[in-house]
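All chains are identified by letter, namely A, B and C, in their written order; residue positions are counted from 1 within each chain.
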Amino acid sequence: MKRMLATSLAALIAGGSMAAADEVVNFYNWGNVTPPELIERFEAETGIRVTVTDYDSNDTALARIRQGGHGFDLVVPSNNYVETWIEEGLVIPLDRDIVTNIDNIAPEWMDVDFDPGRQYSTPYFWGTTGLIVNTSVYDGDPHTSGIIFDPPEELSGRINVVPEMSDIITMAIRYHGGQQCETDTDILRQVRDTLMDAREHWLAMDYGNIDAYVANDISAGVYWNGGAMRARLQNDDLVYGYPQEGFSVWMDNVMVLSDAQNPEGAMKFVNFLLEPENAAAISNFSRYASGVVGYEAFLEEEMRTAPEIVTPPELVGAGAFSIPCPQEVNDIYSQIWTELMQ
Amino acid sequence: MAEPRESHRWKWLLCAPALTILVLAASGPLLIVLVYSFLTPGNMGGVIWEFSTEGWFRVFFRRDIFDPADVSLNTAHLTILWRSVWLSLQTTVICAVLGFPTAWFIATRPANTRTVWLFLITIPFWTNLLIRTFAIQELIRNSGTINTLLIWAGVIDAPIQMLFSEFAILLGMAYVFLPLMVLPLYAAMDKLDFRLVEAGYDLYASRLQVLRHVILPLVKPGFIAGSILVFIPSIGAYVTPRVLGGGRTLMLGNLIDLQFGQGRNWPLGAALAITLLVIVVAALLFYLRTLNREEGPRHG
Amino acid sequence: MAEATGRYAPADRTTVAKPRRRARNFDVRHLPGFGAVAIFTFFMLYAPILILVVFSFNAAPSQAQWGGFSLQWYEAAFNNRQVREVSIRSLWLALVASGIATTVATLAALGTTRVRRFPGQTMIYALINQPLMVPEIVTGVALLIFFAAIKVQTGYTGMGYLVAAHTAFCIPFAYLPIRARLETMDITLERAAADLYASPFQAFRHVTLPLLVPGIVAGFMLGFVISLDAVVITEFVKSAGQDTLPTYMLGQLRRNITPEMNAIATLFLALSLCIVTAFFLLTRKRG
């Protein structure tokens, strides 16, 4: 016991002084989307050590950084959170002298609503929230959210819906012809009723791991395009659907924190991520598209033509960036959501 | 007991290190949660420092989403609350039913192998909760091991839907919390004086009578510890219902998480948390009081 | 214990109607069916573990199909620096936190068990058990706010916060088995030691402590696995570069847990087996 205590204490002291030494950049990113070889490449090029720490939701990351004292330098919020981060002064403008690759950002991603002219953020990757359907179970049109909200008989009880409140409620609002952050009570009432009825046909509201789709334990669901592609590569029967009633486009964006320990190193890292080759590494790893010009040259062949990545031209118009909803609206959504999940 | 009447200072001294850590890293910060439950939800999570009882109101009542004047009991919250308590009770019973014989089995092995058996109970828990839960998922899903074996053996034609059900949550929680029952039970049994058991048999008691009147009373402290250790974390369980329950059947832990996360209503989350705390403490006090009354004063 | 016999033995005598002869090799420790249940329990405990170990050697990239034997996930795990770091950090944290928790819990158990009731005892009891009664998410948010304030004030963002949070969380788990052990422990030996003029410390060192060991071991092991599992608290308390294995996996939950995790879990199992074996050999030598 005594020896154990002594060892623990020694280890404690050693652990406490592990930090310091060489230059470090602390990267706070979504889990499982940072290719390890990319980090190694940056370290080899610059001699700056990078630590990667994961989060699993925008809300956690925001709460964490707001409180301060976190030690992070970089964060990757989704588009609908970017404005909050900027307004609250949690991030600093990009240093154009270091981030010289800013012009590599594709024109359509340059002047975005959430950060006009890209003063604060650069694209990490982007994707869509759509549907995944197993055609061996149901071979109708996959491009409608009716699959989820008014499911065909073959799919009843075999559907998984991701537990993302704003994604699902927005999808249901669009199904009823409404807009994002809809406040019209008639539409919201229909939305609630539709969701409550549809729920009976759902098997789960889970993040739905890829294996379950591959093994056909789940035959349809709401899913992100990158996950859908990973699943399709293992099972040809799976197709990705873009709901014609409207679907969300999202983008995760790299930003430098205002209380960063090493803002200069962080800016270098931002610049590094904008190299087409590095952007492609992220895409190949995560199966999501990049916002960097010329990254296609380094892309794996199967990514370039993937139906999950290349939106069919006739459905492009149905996609729209998700926007943040005011607190009152979010509160209504949250009540519908709690009822749905009771 | 031969205890000097003097001061109780040494008892406090012995407890001091534990209490310091607990106050700094557990109980003290909880006061923040109490304070937050009386504040106003901030934009995109967090709080605004304005007094409000809305969070507490919402715990029990709901205003109709479309007609705020229409107030009714919040059945969604009550349903979730009841489900949490009920599933936790069942988990505790399952753990006790499986854990008691297991602890007994270990306690009656030869002295030098007991520790090994004890380790065997904890080894699966060296993998961590998430990976273990996913392994259970693999076991019970439609194309998982159990269904595949049953179909192969011709017992069933189509897979049984076990995953994403309350059964799956129960299975997962019993699995996760079993050692919390076995270890304290074992600790109590290991010191059991088997001469007492023998005396029982000498007096022609049946096995059941010995179990009921000799063994159970002697290992009762272990049972109490085990039940507390299983029941309470079950109520607040988060990962197991999320992964095995399929998210459609919320438990209290998930509901609170929802409010601190996507729901962005921290005061409601805080109020729900305090409610949970109050329920647990009340249950615990009731439990201990019943036991004390049954047993009479033991010490002093 | 004397009370128990006094209370129950006579009752038994009166309720037993038919005298029954005991077989010669009657084992008082045997209870019918208990062995079977215990074996079943062990089987249940190890079934998912077996699956996990098997799939860690899978050549296919998923858990859905078996694609032949391969060590690729071990290779991937070893080559992934983040995986290596979070695994070591998890083990280190569990060791330190449960070590401290067991030590202070033993002291607290000695201060609160088998003593005359004293003012404040209920409060101490409530404080010790408090981390059990609050869902992790609540403690997590509370600690996030509290520790962040300290971090901003002091500028220290080291592992100390995680150690403190995990220790506090482990204390009740370590305390309860130790207390249960103390309560069922025979007081006469300690009294004999006192009669033989042993100082309170000597009596503790040579009599109480050795008797307490099973409780302490149980408490330590509980604390260890609890710390290894603590995911939500860690998620909120961690600073930059302080991911542990569970929080690393939580980050993956939204997409897919990679089979590398099976490989890491298998390695953890192997490590625990090594420790058990070493422990077994040591105790056997001593015995």
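One rule holds for everything that comes next: a residue touches a chain if its C-beta (ideal position, glycine included) is under 8 Å from a C-beta of that chain, and two chains touch if they have at least 3 such contacts.
From a predicted model like this one, the values you see are computed outputs, not experimental measurements.
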| item | value |
| --- | --- |
| Chain located farthest away, centre of chain C as origin (C-alpha) | A |
| Contact-richer chain pair (by C-beta pairs counted) among B-C and A-C | B-C |
| Distance from chain B to chain A - Cα centre to Cα centre, in angstrom | 34 |
| Intercentroid distance (Cα basis), chain C paired with chain B, Å | 15 |
| Geometric centre distance via CA averages, chain C-chain A, whole Å | 36 |
| Overlap residues in chain C, where contacts from two or more other chains coincide | 63-64, 100, 103, 141, 145, 147, 249-250, 253, 257 |
| Set of chain B residues in contact with two or more other chains | 143, 243, 260 |
| Set of chain A residues in contact with two or more other chains | 60, 63, 215 |
| Residue ranges of chain A in contact with chain B within the complex | 57, 59-60, 62-63, 66, 81, 84, 160, 163-166, 185, 188-189, 192, 199, 202-206, 212, 215-217, 324, 326-327, 330-332, 334-339, 341-342 |
| Partner chain C, residues of chain A touching it in the complex | 1, 4-5, 7-8, 11-12, 15-19, 24, 26, 28, 30-34, 36, 39-40, 51-56, 60, 63-64, 67-73, 207, 209-211, 214-215, 226-227, 230, 234 |
| Chain B to chain C touching residues, read off their complex | 1-3, 8, 10-15, 17-19, 21-30, 32-33, 97-99, 101-102, 104-106, 108, 111-113, 115-116, 118-132, 134-136, 138-139, 143, 145, 175, 178-180, 183-184, 186-188, 190-194, 196-201, 203-207, 209-211, 213-214, 217-219, 221-222, 224-225, 228-229, 232-233, 235-239, 243, 252-253, 256-257, 260, 266, 269-270, 273, 276-277, 280-281, 284, 298-300 |
| Residue numbers on chain C that touch chain A, as the complex places them | 61-65, 79-82, 92, 95-96, 99-100, 103, 141, 144-145, 147-152, 157-160, 163, 216, 235-236, 238-243, 247-258 |
| Chain A-touching residues of chain B, taken from the complex the two chains share | 41-46, 62, 65-66, 75-77, 79-80, 141-143, 161, 163-164, 242-243, 246-248, 250, 254-255, 258-265 |
